[in-house]
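Naming follows writing order (A, B, C and D), and every chain is counted from residue 1.
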């Protein structure tokens, strides 16, 4: 028997019909002799009963694996909570294919059988540690899997930021904002802002400006050992966005420090997983113009 | 004597030292036998006295020419107020070169001498008429010179809009927003969002998506006889921005209708003006990599 | 009866199985009482017999309509030959959908019935007149529908060109090349080089640089009344490409003059044709990421 | 005394006035007690005498340092010859600032004094090993510092290539070509083709398509441990370009295999060198629009 003795189930919050998929997976896992936990808010949101409920900290303490049924947003949320506990994630896609939820819903039990039998690969994904400093103190700090975005708020006025890497000045950027993305995040918001795709194993982060005022500005890829410091120099209404799920206001003078998080998050893939096949499908590269 | 008998002076509002430049221009114009009016808010903002004060409507009724001393923002504001009155504008640049304020401050009296002597060219710039419709009624309507922007507000969540041109469906766009720009506006915000440059005489508008989710999306150039209708299909917090100076919230279901304004605004250029020379200088095309 | 009494058939040259489609169309047209001509090289290439054969000049003199069965390349070729004769074109697509061949093969007889019955729209597409001048004389001149490309040859060394519009200097471009495209050509090679899409009715041309050395360079849209002059300043091995079908070498000092051609080419569309629907389908805009 | 006892001088080949700069440097180095060698073709090209002449192999065997006076092209050439011999390079810029020749000509003796005194930093730059395979055998193999380009030749017809990474299919690319660039090469041709900038220490390569037919195609950054295999599937006239200096024809079926070269090339920088400062200056990021 594989090491995945206790498995947590996490579902998309806003979707009541996720309950059936979760129950199917839960029943299957029990039949395979695994202990099953359902994440607390998931249970509350979809009304799933019949399985013990646990919050993320309990899951972190007890689970050997977490199965996320939903979309990329659900994976981001789970990763931020479970990375420190080193619980690996399996992504089952409900709806259209996600960049992270690589297992199709209809094949989830087959994929799970493979994974429980040890026929899987494990991929470590780098995360970002982010800290907001204000007036010499730490205002806020957390971890993210996709990206940190510093950008203008509702007012259509550019912001001006200073960017330093390892203490060295990079540029004084006047733009709508700046995205600092992990390889995982390179296929999310950064891609819409014309950033490149970073293969997950590349130990680097992408700095992608949003609507830069200086037309010769380009995305820059820096080592994931870099410490990136963004100082908000001028802004009427700037925001910090974390994985598109958390947000806070930024004030002039605030510093956002970004580096590699101490922990990675592990993704467990069934046999046959291919990052490039997923890209081709999601980005319609097969479609001939 | 040229037809510019009465000349209005308009200055940047946020800059007290514009008073000297305005007074210099005003004195010069009086010596040339012209009647001089100073725009009301300009006078209030910089404390200029010694010239009769007039609001934009009086300027519209009485002036044959308006000299704008400031930046592109001052020109946009003047254009929106004076286009209906058909008062042509001269742009004198205070600070760094503007796309619209093409006369350098140090050469303004020479340029003015040329213009008063009839040695000038007149360039008509197309404007946009924009109307916001809600629940079957008109919520708001105005004219803009640069662009109409429909975009997300402070929340980092894409908006979804339907775009129709002359009643025909163009696309269902999921993005941070969409810019509809005149040729004049093509060198402003639209350029930061990777839009093309439209020579001012091209009778067309540019539709430039901001961070589109569909990667094969591209700017589209449509005839200026088109009626562009943008319907906000899904959004948590969307905004309408007009020339970067006016703003209003948009609700799901709102329609923004955009077409060519009835009036153009005339720019008066001294001899030697070159649109392409201005582009080269502003965009540093002369600089060799 | 409609005015299309004599109809020419033109097929893709490199495809022998086009013969069946041509014969089907030819038989149908005869049944409708039309005179049918088959273009000479088409007949030779696919071995079609049973219809009178005519070269492009005869078609120009006699035909009221030409039906092109093939892809966009076949349309480009037909347009260059028939524009001066003002013979309108119908495009039937063999293979995958073309930007110009808008009628699906399986629906071609229905579409033709509509067209013969007068249920159609006619769209005039602008063409470019291009002339190569060398040592004060005209080396070469022709018409194109899509684009003129001045670019480097096989050697990976940038070329340097001077661009003037209506005698005014635009820029000194160091790049792999420059594309001057009509609205029709804006969805062809220019699109791959990050140019915008021009709605066919926009009276403008797009200047799209290929791999420009100056990163702030952007596509420029100019009035179709402009005369664009490209002077090859420095190059080891430069080429002129016309519609991707004709090619000649360019020497340092050569001038390429480009303007609107005197004649347009008319495209005949069956009912229900939509330019935007075609864009959506070809560019996969409907596909959600 | 530092370890740089024997110093080679290498100059731009096509520039006779490089002789003075080389002689100045050579005399200075002798005064500092160093042995000086002049690269053979450099000596022949600029007519410099008075120093012993050596070809690249002798330089590789005997020199502890090579001073390159010229531009980035001279550095590329020197790097390809000297990397296997592990001779570090110093770049002195003649003409405008280069991305690699970071020492201004007027400051070269001061910089050299610092370097000889051990006040310098050493930066290892990754190189690419490239091999062309045809009919099962190796047609050609070499090392490059900037990039490998597979692209169309003089004919304006797209090429079709299959790309595999570590044996896994990435895509079937239809485009003008594909650039595989090192971080050093990311600021060269790849940048003109809209590739991102890779900080030199990032252990990755950039795959940047040239004018891709599929509009959703994007640059991909892959680990420098990857083996990239490009198979030419369809082409009339394709070429392989290496650092923009070597070229060969490619035939349908040819495979180009690209991986990290065994050797790196070391760049020696004087105190105060900043990669980002160089970027800002070269790309005019300081210039406000």
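Just so it is clear, a residue touches a chain if its C-beta (ideal position, glycine included) is under 8 Å from a C-beta of that chain, and two chains touch if they have at least 3 such contacts.
Worth saying up front: this structure is predicted, and the values here are computed from it rather than measured.
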Path length in steps (a step moves to a chain that is touched) from chain B to chain C: 1
Which of A-D and A-B has more C-beta pairs touching across its chains: A-D
Same-residue or different-residue interface between chain A and chain C, half as cut-off: same
Distance between the centres, which are taken as Cα means, of chain B and chain A, whole angstrom: 41
Chain centre separation (chain A, chain C; CA means) in Å: 46
For chain A paired with chain D, centre-to-centre distance based on mean C-alpha positions, whole Å: 36
Shared-contact residues (touching 2 or more other chains) in chain C: 191, 194, 213-216, 218, 283-284, 287-289
Touching residues (chain side chain B, partner chain C) in the complex: 165, 168-172, 174, 186, 191, 194-199, 201-204, 206, 213-223, 226, 274, 276-277, 279-280, 283-289
List of chain C residues in touch with chain D within their complex: 149, 151, 153-157, 175-176, 189, 191-194, 210-213, 215-216, 237, 239, 241, 244, 247, 283-284
Complex interface listing, chain A residues touching chain C: 96, 214-216, 218, 282-284, 287-289
